[in-house]
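In what follows, a single structure is set out as structure tokens and then discussed.
Chains: A, B, C and D, in written order; residue numbering restarts at 1 for each.
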Amino acid sequence: MANSIRIENIDAAYGAVRVLEDVSLTASDGETVALLGTNGNGKSTVMKCIMGIVRPSAGRIVAEIDGVSHDLIGRSTEQIVDLGIALVPEGRRLFPRQTVEENLLLGAFRPKAREQIKKNLAFCYEAFPRLAERRSQLAGSMSGGEQQMLALGRAIMTAPRILLIDEPSVGLAPVLVSRTIDKIKELKEVYQLTVLMAEQNFTQAIRIADRGYVIVHGKIAFDGRSAAELNNNDLIRKFYLGL
Amino acid sequence: MTALLEVTGVGKRFGGFVALDGINLSVPAGERIGLIGPNGSGKSTLVNCICGTLTNEVGQVTFDGKHLNGLSAHARTHAGLARSFQLPRPFASMSVADNLRVPLMFTVNARPGTHLSAAELDARCAELLTLVALDHKAHRFPRDLTQVEMRKLELARAMAADPKLLIADEAMAGLSNSEVTDIVALLIRLNERGITIILIEHIMRAVMSFSQRLVVLVSGKKIADGKPEDVIREPEVERAYLGQ
Amino acid sequence: MDISYDLFINAVIAGLLLGGFYAAVTIGVSISFGILDIVNIAHPAFIILGSYIAYILNTTFGLDPILASLIVLPLFYALGSAIYQVYYQSFERRGQEALRGLAFFFGLLFITEVLLILVFGVDYRYVEAAYIGPSLRLGVMDFPLRMLVPCLVSLALFGALHVYLSRTFIGRAIAAVSQDQLALQLMAADPIRIKRIAFAMSIATASIAGALLIVIQPIEPSVGREYIGRVFAICVLGGLGSLPGTLVAAMLLGLFESFTSTFYGPSWAPAVSFGFLLLTLAFRPAGLFGR
Amino acid sequence: MSTFKFSLVLLAVGALVFAAARYVGNDYVFFAGYTVLQFIVLATAWNILGGYTGYVNFGSAAFFAVGAYTTVFFHNLYPLPIPLLVVIAGIVAGVIGIGMGYLTLRLRGAFFAIATLALAVVLQTLVVNWDFVGGSRGAYVIRPESVPILGNYINYLFLVMLLLTIIALVVARTIERSQLGYGFATIRDDEQAAEASGVPTLKLKLIATAISGAFMGMAGAPFPYYIGYLEPSSAFGLAYAVNSIAMPMIGGTTSWIGPLVGALVLGITQQVATVTISSAVNLLIVGVLLVVFVVVAPNGIVGLIQDRLRARSK
């Protein structure tokens, strides 16, 4: 059954500052879509609008979960997560004073996730052996790479159908970035997720993306219909570095 | 010639997360420096360690020939370091003009040999407000300001401390093109008055037009430091932004 | 020499039993202040309220005071739930908890105390139970049941809450809510609901702690004030919200007070907790087991 | 209005109040008036720390008792004139305030609040165990029948408290309009931003604690002569702590006038209620009013009036 997300013409502002202007994008069933752009251009705000953390001043956001459509605007964050949409937030936002295992179990708070808790936990430990080794260590004492793994694992524990990931590469050394990106691909395939990923690291993101959008100054500046189209590096350089 | 600000081997960890890893940075007086890097690269942590909001575990910060380690934040402000906050933090119960009066009274007047009279204080406030085009809002309260005006107030308050070095932490996020141009012009004017400025910014257009020198942080390490046009073409920087 | 050895051993025992009881008195504050960051200084007043309710049920129906406290537990839970709702709507949501939220709890503390004075006067009240009076003797060691029973009940309460907080979904969410509310929402949990449950639980513990208190000593309405210093000293020393830390800190304070009363006289005991609190705040604000 | 003019106005009002009380000639007016004035001083003192900087002190009773017991101490050692006792009490209480603050003010405000609450219990424990000042039995402080010029001793106490009230109000208003007042307000608004603007926050907090504590101690100094017999439970009464918080909160915390209004309204209500109903019930009224005001009218009576005026001017 289909799982997709569709954003139609949303505007968003923090106070008087307009952050998003007429943004539309979609992630269809089973797709991995990249939302590209440097910091401060509105990628995170798009994610926050989907999750009900920021309320758009105009436009519509519709998610289809297992074939049923839900209008997301007006719902609280916890209701949206409960529908089956998970966000790996910017900065990971783990619970630093709880152990790795407690963090993972917190992911399974929603009733639907509790049903699959054993299976998902076993999968997390299998996919991320480091987490299994460190299951009783405090999350706050782990390195950046391990924290990112835990954040991904915790999102998987919520048993999502659609997975949003905000800047998985933040604060990671290059070798860890590519490892994280590979893991996202693996998770997506095992769980047949629809993935929307906001990322600044263009080269890494398009390795696994089917399509992508480039967002500049709160507007969609480029809609890459295929990975090949996105691979036009000169264009991206122009958008990214202002060269 | 010794530098105005000398950061040597500064490191900071949060739990197991290494936020800053042996940062060295030397800022000569009068320079305009752009500090860039992806999110989470440690820019704000560095600012907080320099300004005394956080304490670095290792390394040394020297400003104007004085060791800053162990000095409280207000003492660093007195020494001539001023910063604006990434999210504006105005004094909500005070008028816009009074917000500027605070650093004038507590920093400028606290320096030996300066004592501004009440009239001089008023004049300084008015001058600063004109500089950032907020003079018509002098008696309003921060809650009446737009986000843009709030950022200008934040900058003006940092300038009111009459600093030798001004650190502007993302003063332009969320501003329109013309507003960004305004603020860049304002910062350049300040620099021409002799204030050294470190600008932390994501908007590349602003950074490139402002900076005489560009420093790039990635994952808590400094990976590049030099002329902006050169730095931006360094493969390592391109990789940090575009990935590899 | 024999006598002072006996005295010493019994001071240790009395201290540990007292410390066990202090753990029950503090656990509510460990949840509200330590975990939720709600500075509920009225907690000791609710404990005294619990004592008086146990007293009424004991004197009118002859109910065992501890059993009585379990019966009224749901009422305390409901009271806590209602107080949190007012606190959230009036202060937390508006970001005014620092000044007005504190004054609010201070007002509740005061109202509870004055109401109890109006109803019961300032005479000391006590309860009747089989275990008040007799002692268990093991050689030179003396275990007064009046202290032993509350200590055991307290440890049981402590253990139950510890298991609840670490093994259940709601319990883990309670521990998480003060760390990152938004992250908790991303786990599909409503942080306000979680906090309300936690705060209600913290007030519910006051019911049991109150019954234990009146088993240990006769009470009058202002006795609660002596416990303000104690509970916050233990809570801070134990590392704010760490249950094992709270237990160790409670035992330590119990021992110190016991030694103070044995060797200097009981009228000095209340000052011990304050010394504890001030030294902790000055030198180790993160507590013994700092997080 | 300049501070000088303001002081003159207050002195004139004070003189009028005193003359009016003399005219009525009933001792009860002086006894009741003394209590109301004492509350004005306590509320104003509390507000210098609590209202201006946002740090809550629950230990007003402790500072008040320090003042009262300073008097008892000297009464037993070598009796001094009341104005001198007021000064000494102010110094002792101020020093205790600085000590407390130094240990706790670097931490979050809640810790300071809790520590002040515990301070009351400990000082009470100390006094209970200190036989020289009467211990738990309490101490008799026999007041002279009369004083020169004024005659009646209670008139004298009333006059001392009236002057202290005027000084407290002038100090509070002067602070509010001085650099110190700006500094206090920045602490209340945002301490990190204050530090970044060069405000030495810890030093200012200690100054506020010292001034606030000193005035509470001064308010307590004449009390033993007023009451005649001082015992720990009356000097450390929770009523002082709750009134010194409730009065500014109900009146309004941002300026000197709030505590004055709150103390007048609550103080007079309590005097009336004590006579007509009972003293326990009037304490209940204070507690309930405090809770109702912090929930419903966060800016107090002064805030309500300002809102009304603003609405009308629009």
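Methods note: contacts are C-beta pairs under 8 Å (C-beta built on N, C-alpha and C of every residue); 3 or more make two chains touch, one makes a residue touch a chain.
Since we're looking at a predicted model, the values are computed, not measured.
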One chain's C-alpha mean falls closest to the whole-protein C-alpha mean, and that chain is C
When A-C and A-B are ranked by contacting C-beta pairs, first place goes to A-B
So the chain most remote from chain D by C-alpha centre is A
Taking each chain's centre as the mean of its CA atoms, chain B sits from chain D at a distance in Å of 43
For the pair chain A and chain B, the C-alpha centroid-to-centroid distance in angstrom is 32
Taking each chain's centre as the mean of its CA atoms, chain B sits from chain C at a distance in Å of 48
So chain A residues touching two or more other chains come to 96
Which chains touch? The pairs are A-B, A-C, B-D, C-D
In the complex, chain B touches chain D at residues 51-53, 72-75, 77-78, 82-83, 85, 89-94, 98, 101-103, 105-107, 110, 157-158, 160-161
Per the touch rule, the chain D residues reaching chain C in their complex are 50, 54, 56, 58, 103-104, 107, 109-111, 113-115, 117-122, 124-126, 128-129, 136, 238, 241-242, 245-246, 249, 253, 280-281, 283-284, 286-288, 290-291, 294-295, 298
Chain D residues touching chain B in their complex are 179, 182-183, 185-186, 188-190, 192-202, 254
The residues of chain A that touch chain B in their complex are 14-19, 38-41, 90-91, 96, 138, 140-144, 146-147, 167, 169-174, 177-178, 200-205, 217, 233, 236-237, 240-243
Counting only contacts in the complex, chain C reaches chain D at residues 33, 39, 41, 86, 90-91, 94, 96, 98-100, 102-104, 106-108, 110-111, 113-115, 117-118, 222, 225-226, 228-229, 232-233, 236, 265, 267-268, 270-271, 273-275, 277-278, 281-282, 285
